[in-house]
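Just below sit the structures, each encoded as structure tokens.
Below are two complexes that have chain A in common, paired first with chain B and then with chain C.
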Partner chain A sequence: MPIIELKDVTYVYDGTDNLKSRAIKNVSISVEKGEYIGIIGHTGSGKSTLIQHLNCILKPTYGKVYIDGVDIWEDKKNLAKTRKKVGLVFQYPEYQLFEETVEKDIAFGPKNLGLSTQEIEKRVMKAAQMVEIDQDLLLKSPFEISGGEKRRAAIAGILAMEPEILVLDEPAAGLDPLGKEKILKIIDNFHKYEKRTVIHVTHSMEDIAKYADKILIMNDGEVVSYDSVDNTFKDVDMLQNMGLDIPQITKVLFKLRQKGFNIPSNIYTVEDAVNVVKNILIEKEKR
Partner chain B sequence: MIKDITLGQYSAGNSILHKIDPRTKIFTTVVYIFFLFFIDNFFCYAINFFVIFFLYSRCKISLKMMFNNIKPILPILIFTSIINLFTLRDGKIIFSFLFFSITDRSLLFIFMIFCRIVLLIFSSSLLTYTTLPIDLTYGIEKILKPLSKIKFPVDEISMMISIAIRFIPTLISETEKIILAQKSRGVDMESGNIIKKVKCMIPILIPLFISAFRRADELAIAMESRCYRVGQKRTRYKQLKFCYLDLIFLFGFGIVVSVLVLVNWFL
Partner chain C sequence: MQSLIDANGLCFSYAKEGANIDILHNLNFSLNQGDFVAIVGHNGSGKSTLAKLLNALFIPTAGTLVVDGVCVQDGQTAFEVRKNIGMVFQNPDNQIVATLVDEDVAFVLENLCVPSEDIAPIIDETLKMVGMYELKKSAVSKLSGGQKQRVAIAGILAMKPKCIIFDESTSMLDPIGRKEVLNIMKKLNCEHKTTVINITHYMEEVVFADRVIVMKDGNILKEDMPRNIFADRELLAKANLSVPQVTEFFNLLCDRCNLDSKTVLDIDECVSALSDLLGG
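Right after this comes the complex of A and B.
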């Protein structure tokens, strides 16, 4: 049984039945437990609207959302349960920090779940470790730490709730390359070691090409493609027509391939590319 | 829920009232309201209502929008009317019950007050319906300009008001975002007693205040880097200018006021 299933979900944002005001149209997808899904699309393609359906923030105008086989809008009492299962990290989550110390802020989510003090403490420590926040940082005010640290603290606040499904909306936006890499690594670790389902929304292919199992492409409120990373990047023209970019390194290799070099098409990281190019150069020298 | 708050109630249009200078509108509205308090002739009220409805229809503002502004004060209006109805004692008694009595004078008086307040609201909302909040502030600034001779900080106050108006929508969308974020962190805002509900406001208000301060700080830096200085003379990109439409409007307004004066005092 898929952990997330959307059936024909349409969301109309102003109550009218105007075709223009449909943020997402007839979206049907299913996600298996433990998958890492990258959702990608241009600004206004409906990706943020889509993920807000996953934890009862938005109610679909038409269609059904099933989490773990349960229709989340069937019973209003399920709301808290759904939010416990699905952790949603909004864009720029550092703007929701409010407590006196980072520690207290991370504990806010678990506290709302009604856990015991010991359990909360355990979870806070674990989450802080996952996002690489040191012991002395935990006692500082969330307003005196750096931007990247704030972002990680805010993500830790969601991780500490130990959601089955972690949904992130542009978690790396506006960070420097190093901070970005750190966040992506944290998400990947949570997926790998905690065996959780991850949904990662972004507009940069580079962010997800390395980690995602499948990529969902949205355009104008509709699902254009929902396929494995390799298959998605095969259709370079389609991606570029939608204003989406393939990772820079893939583009370079694509050009090289066109020039007749023998390079496999499923390379998305600089490290892999370096190895491939190295091999080609070595072979050339041998000849 | 938050989206429903109307801010400034500008309704875009192309009528003469939309086109004329805000100063003309402010001036005529003030003068009109002043006259309204001296009118005590039924015929005058009829003329007033006719003129107001005519202007509203020219501006293409729906009746629903027009009466929306009356709604919030209606309970107070009715309440004071009832109090007045039984407490005013001059004139002939036309109805009495136990120790309550209603006189013909009191009925008349209440009717007049009622019309006066309704007209007052209609006319002042006409101003806000046809003028952008920013233009309104600029108009007020221009009118108050002479006060700067006595060291009254007109420019600064109008700048403050403009900034406040500009940031209301921004802060509203920010509030909505924070509410959603805290909801998905498990804040339950729908249930619980009043103390619990007040406690729920803390995780929303603190981030909101912090972001407001952050924005203020950034704006101050941006303004300073563009050489904004308190007390310096500034010019505007968009200048207010009187045009022939203002003259036409003032002329029409003059006619209405003179008719009202004639009817009220000489007929």
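Right after this comes the complex of A and C.
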């Protein structure tokens, strides 16, 4: 049974249903437990609208959303359960920090789950550790720490709720390269070691190629492709027509192939590209 | 030739709970009309503070900052300075005030007391420059991120500033939107000799600048051409910077295969270097 299933979901945003006011149209997808899904699409393509359906922030105008097999809108009681299962990290989540200390802010979510003081403390410590927030930082005000630290503190607040599904909307936007790398590592660790399902919305093709199992492409509110990384990056023209791009390194190898070099077409990460070129060079030495 | 921007021992600090917090320490640099400069550095390194000083949103606490002959020193000179230095922020939604595209550009001109008969031609001219003329009667809320950012830029262009600072203006945009804004920067710099300062975390954008200023903890670590910056691995590590993906790839390839190191900056350079390796 898929952990997430959307059946024919359409969302109309201003009450009057016409083609223009449909933010997402007939979206049907399913996600298996433990998968890492990347969502890409130009600004305004419906990515954010789509993910807000996953934890009951938006109610589909038509269609159904199932989390763990449960129709989340069937019963009002499902609301709290769904939000516990699905953790959503908004864009620029640091704007939501509000408590006196970082520690209290991270504890806010678990507290609302009605957990014991002991359990809350345990979870805060674990989440802080996952996002590399030190002890002394926990006692500071969230407003006196750096931008990267704020972002990580905000994400820790969601991780502390131990969601089955972690949904993130451009979690690395606006961070410097080191800060970005840290965030991506945290998400990857949560996926790998905690075995959680991850839905990651991004504009960076380089990042998505490196971490995701599958890529979902949105365009004008519709799912145009939902496939493996390999198959997704095959169709360069389609991607570029939709305001998207392919990783720099993929473009380089694509151009080399056009020049007549015998190079595989499914390379999206630096590591793979280096290995491929290195092997060709070794072969060449032998001849 | 007199430089457009001159910083001498520029410092900025603010008082907090009785103590002075130093943000910028003794910065020295100068920019000429027509320069294209990228400013890079970690979050909190002082890039945006510097931008706000250049636009007289902040006033230096020590040292001097002269913009087109006017010293940034108090509210009195701020208006003069801002006429010459335009700013494009990260989020266009924070910068756009009107509901229609052309009205947003008009807002700037009305504030500058431009005679009303002159306003319409300037709006048309600036919207054409950013490729938004066809959408001049559109509602801003219906535009994509890249289009909104171009409207924000048009508003700045209408002031005819000598210099435009892009403070992470591409960070919220999708790849095509980012390209659109970058192309406008290049065009303004090339065709209109506008001085462009691009503050960014995208190393692929840094490559297009003539010069790069690397900041760390409120200091300027180095100022040089992109090629020299990206070749200086020690500096990159010290400033927590990354390099474009093709540069990273080629460096790693050279390391793993014991080749002479070479810094490639973009896709074409990488393709040509690889062709030499594989073909020759």
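The rule we apply is simple: the second predicted complex is superposed on the first by the 283 of 287 C-alpha atoms of A that agree within 3 Å, B and C clash if a C-alpha of one lies under 4 Å from a C-alpha of the other, contacts with A are read in each partner's own complex, and residues count from 1 in each chain.
Operating definition for what follows: a residue touches a chain if its C-beta (ideal position, glycine included) is under 8 Å from a C-beta of that chain, and two chains touch if they have at least 3 such contacts.
It should be emphasised that the depicted structure is a prediction, and the values quoted were computed from it without experimental measurement.
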{"item": "Side-by-side fit of chain B and chain C on chain A, or clash", "value": "clash"}
{"item": "In the superposition, chain B vs chain C on chain A residues touched", "value": "C"}
{"item": "First (chain B), second (chain C), both or neither touched by A:A80", "value": "first"}
{"item": "Partner chain in contact with A:I29 - chain B first, chain C second, else both or neither", "value": "neither"}
{"item": "Partner chain in contact with A:N112 - chain B first, chain C second, else both or neither", "value": "first"}
{"item": "Which superposed partner A:F143 touches (first chain B, second chain C, both, neither)", "value": "first"}
{"item": "Partner chain in contact with A:T43 - chain B first, chain C second, else both or neither", "value": "second"}
{"item": "Which superposed partner A:I249 touches (first chain B, second chain C, both, neither)", "value": "second"}
{"item": "Chain B versus chain C as contact partner of A:F90, first or second or both or neither", "value": "first"}
{"item": "Partner chain(s) touched by A:I280 [first = chain B, second = chain C, both, neither]", "value": "second"}
{"item": "25-33, 223-231, 241-249 or 259-267: stretch of chain B that collides with chain C", "value": "223-231"}
{"item": "List of chain A residues in touch with chain B within their complex", "value": "52, 55, 57, 80, 83-84, 86-88, 90, 93, 95-98, 108-109, 112-113, 143, 157-158, 161"}
{"item": "Residue numbers on chain A that touch chain C, as the complex places them", "value": "41-44, 146-148, 173-181, 203, 205-206, 243-245, 247-249, 251-252, 255-256, 259, 261, 270-271, 273-274, 277-278, 280-281, 284"}
{"item": "Chain C residues touching chain A - in the complex, by the definition given at the top", "value": "41-45, 90, 144-146, 168, 171-178, 201, 203-204, 240-242, 244-246, 248-249, 252-253, 256-257, 267, 270-271, 274-275, 277-279"}
{"item": "For the chain B and chain A complex, residues of the former touching the latter", "value": "174, 177-178, 180-188, 202-203, 206-207, 210-211"}
